[in-house]
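Chains: A, B, C, D and E, in written order; residue numbering restarts at 1 for each.
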């Protein structure tokens, strides 16, 4: 939350702390970490999930952390991306890259639809309208059984091989799958980093800080909000599409409001409005859930307790707290 | 009545007040003046118990306040009108006034007291059921003062009450402070309109950079050319 | 549509009101806590569930339903006080996000603790003997217990309304939500008010859980479903507005029952569609005041 | 006012019979006025007279319920507010309104950026270095250069008021609306601000709402007096000061 | 045996990694109790296999994972089991969506999966995999057996209360198909969303239809609440309620009152031990391992699912996928409920269906909650035909 206040630094005003370094090279650092990441994780599929949820949370954070709107309907963006990608492959037989593009497009479009309807509301009401609309989306996909498989989920998004410049890559191989997906995630991080550092990034923050003043300064607040929401939809759509490719199924649960809630938790846990927070949050949350749930069936007790502890003792989220330390 | 000695206060790491000492006797009007950022508001906030970190001593009617929360200080007879008015959103003018009474002993005489205050501020009387934040800046300022006065505190602290108030009303308001004093209410006033303030005050303290740099009777200050040059008259 | 008669529609409406009653009861607690503390209490469902389990436990050690009606709200209310004091209080002033996260975690903990204590499978909860069976309400037979639920809800609402209107509590609550500092300056110990409000809110949640138990039995997950629906109710009514919660709760109940008549599989989504429409047309809900929480 | 004389009588802004009602309450009624380029016009009037409301109509924050607003010959009534800023109308808020978490400098920089780039999501904003330079110039102008790295919310009240004006200036307005710019400023700062306003008026049109009469009477070319939402009087400072009605409802008997 | 040096043990282990069976089931969530039973019984099957010497001394091991009843989680877990744990087989699942998700992963990677929850889709050609077997009943078989029993007995006018998802629809389809033989009259099918907690708005309408039989085609908590509230509304006074699938855990959770008089089907009930020696043996072994507890329907499936796979391993003398598939296809087994075998075209286990009724008195023990009304013997004619499922015959 506080990272943003200093996101524009005078050249030469840098203090040389690791934080400065990290901010300047954030995209490259993500790339480096992502490269060795699967080796540190209990299993590769989890590492892939972390990437995907991290990306999902990254997109969400644009709206939540930077624009200051709490959306409880991001599952609709994530899920639409996943379903459209899946449908493109299963029912249309399109190649994987086209399917990903369809997923991103679906995320953008769905964000536009929801955004146009919801963007006039504020605060908790925005959260609730987005949730309501995303429930309607859930219902829509649930009922379109022929396309989506309904409650049984969409199956058969099976991509065995990926042909790249004449090279045939085995997508079933977990490591290969990880790196292919990681490539997309890194690209998305790069784009996000550009957006945040762009003039528009400053507008987003200004609108969050004081809508009335932003308007008086000459910014179209509604359009800025909508545009940000739509951009967020693109990231979430991509995350959804990758999720569909990764699991080769799309469960209807992807559209459930719990999936919306999850991303809020991840963003808060990592540190809202921080660049790496969402990824850190996703990693901590999923690893925790994974490790603890293998260890005990009462994992919810432990996870819940850790949530409580995080809120009480790391109020800025894990990454947010680290940043605050690093800045000093 | 109010005695402050070696008061220090901080915003995070920045040391906003340094060893501020001052006192206000019963029935006095005392004025705090100083440039922007001098620490006037901070002083009032410390007295009211709104500063996170404050050290030193603040005694009111002989009781040490520094460890007490704000609501206890109110109960002892302190009232505070903050500089940004702090009119509560979503409440009407009447409700804002009622809010001034909920914790007071006079609560049972609510209707009566509201009428009383409305007589003092006729503009508020007209607007009783309007949503308070939609009132004009000056009207809001009146409401804030009325809300603090309604419970008849022993000492009232006003942070720039004349800000945004039209000249006729400023005159009336200062007249009001004078009559409050006559009725036994003590006033601690922060004011940029120094000439006027000194006109009704007994004594004044000059703050700069978080410390008291000067203190004297109002007449003496009014006579002081340097003070006049610096703090008076626009 | 075969079999659509006036009686059926009337009965259906009645069923909707009874259903709405539980929503109302659940939602006013939620709305109260939100309106006052700006805490989106994700653990409200868990309090509701614990209420049902406490009732279950009391009956198993020899109590009866009527004792539970008094004891459960007290027990859950006290529990709520403890939670506020220890967990929620440090979070005031940090926006709505942190309490939300904390109560989310808390609901996990509470549900899991109940699973450990009572097991994962649910239990039946018998309708108290005198309230069993159905009575003729003119348009058809209606379960007596559901009528009782409507009545109990009305009593709680009346008590709450008197409490808020006849004391200055309501005013303090509304002001405290927007600017606690100024309320403190005006002499009100806001923390104490918050504590009490949280206690009342959770007590009502526990009471609602107890009332719901004979309708559906008890399981550890019972708070989850109703939570989402109750959020709809609070939001449609206007966050923080008791009257709004009542109106919206009954409305939601009726909307559900009417969709059940014509397109039952849409019953659930109709709730959300209703909310979307209401908020798009009137962004602050029926009785919500614009500006709060924005 | 040599600049004003140069453009003598060129009208930059005109309102024709504008009115604004809130529910049944008429806050502003049938105000027709003209403002000439390069002049300082002050609007005075009792609290609640409708001055801020009038300002809000001029800067597009409110839409008039009646009448029209014309800026540089174009009818701008009902345009969205952000368009007003693009056209060169800026306003400072009576009740401080800044970006609290952002640094003082970023506050100004964002204001400046609105004219240069609003929807560019790709090129780094760090490249817009001249914005930072201009922001620093403005900060120096309003006396906040030393606080440039502080979050705006940590500024003292008077400093925030100064920032408020800096932000209005950041829009590089041809028409600057200042709603009680010196409220809450110490006399010393007020004097500085007054000098600044006079300086600013050399290049742009300024409309001012103020209650500090010495200031208003000293620097205004013309004064409008509002009362109960109506135009009560209009004229040079001298004329207004002599006006009995104005004395009665607003100035009081004290010598100003 | 204790005298074996640690060194040798290590060697042995290095040579013979255990046969790993991945076991994803929803340990947390509303079906945690059922899942726990599945695990218990699965462990029993493994223990029996190991006690009998394993595969030439090579032991088996169950790798249990919590799928949280979420297909996405299940797919991830299955990937973990296959890619990291390198399991030889997967057995598990408790819901249709989850089993289809697991199936999709195992199918693509050529891993044997024995599904132990109900679904019709898994039999169909689109989802069929030659590596997938279905030990559980499917809705068609269950509702068929219950329908044949009930329509003959309680009347011809039928109304439906159905959970609006594939499983519910499949059961209704099954009922209607059987209904054709009995010329039943369909008065209406009211569909409720999954996870409905209040049926009060639906029940008056059903009552107004005045059917002889009300088929409640849902499961778990939905079923418990629907039955409880139907009782409250006095529906049972004039209408016979049938449910395709009555689960042991649901009955225990909802109590006898709600289930009173309801007729339904199930794949296993411990009480048939009088009839089948295999059941008796299974019950006894289970009792012995878990202090006198009796296995439930879902437990039995966990047992059957693991046991058949291990039996096939033994038969094939290897864990090689193709050999085990062949062995499973050839398997004729009677492990816990009488004779069974996997049909060739869709790998559905052909087995008996029990028609049961909830009982509230004369209970012999706490697990004695049902009375078996009739048993429909295993017969392929009760299954949908291979052609109907889209398989090339």
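Note that in this section a residue touches a chain if its C-beta (ideal position, glycine included) is under 8 Å from a C-beta of that chain, and two chains touch if they have at least 3 such contacts.
This structure is a prediction, so every number in the text was calculated from the model and none was measured.
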Reaching chain D from chain C through chains that touch each other, fewest steps: 2
Chain of greatest Cα-centre distance to chain C: D
Inter-centroid spacing, chain E versus chain C (mean Cα positions, whole Å): 37
Chain centre separation in whole Å, for chain C relative to chain A (CA means): 32
Inter-centroid spacing, chain D versus chain A (mean Cα positions, whole Å): 42
Computed distance of Cα centres, chain B from chain A, in Å: 50
Per-residue multi-chain contacts in chain A, two or more chains: 300
Multi-chain contact residues (two or more partners), chain D: none
Chain pairs that touch, as defined at the top of this document: A-C, A-D, A-E, B-C, B-D, C-E
Chain C residues within the chain B interface of the complex: 168, 171-172, 174-175, 178-179, 181-190, 289, 291-292
Residue ranges of chain D in contact with chain B within the complex: 22, 25, 45-52, 94-96, 154-159, 161-162, 180, 182-191, 194, 211-215, 249-252, 254, 256
Of all residues in chain B, those that touch chain C in their complex: 48, 50, 69-71, 74-75, 79-80, 82, 86, 88-91, 95, 98-100, 102-104, 107, 147-148, 151
Chain C-touching residues of chain E, taken from the complex the two chains share: 29-30, 32-33, 36, 164, 187-188, 190-193, 195-198, 200-205, 208-209, 221, 224-225, 228-229, 232-234, 249, 252-255, 257-258
Contact set on chain A toward chain D in their complex: 1-2, 4-6, 8, 10-11, 194-195, 197-203, 205-206, 209-210, 212-221, 224, 227, 231
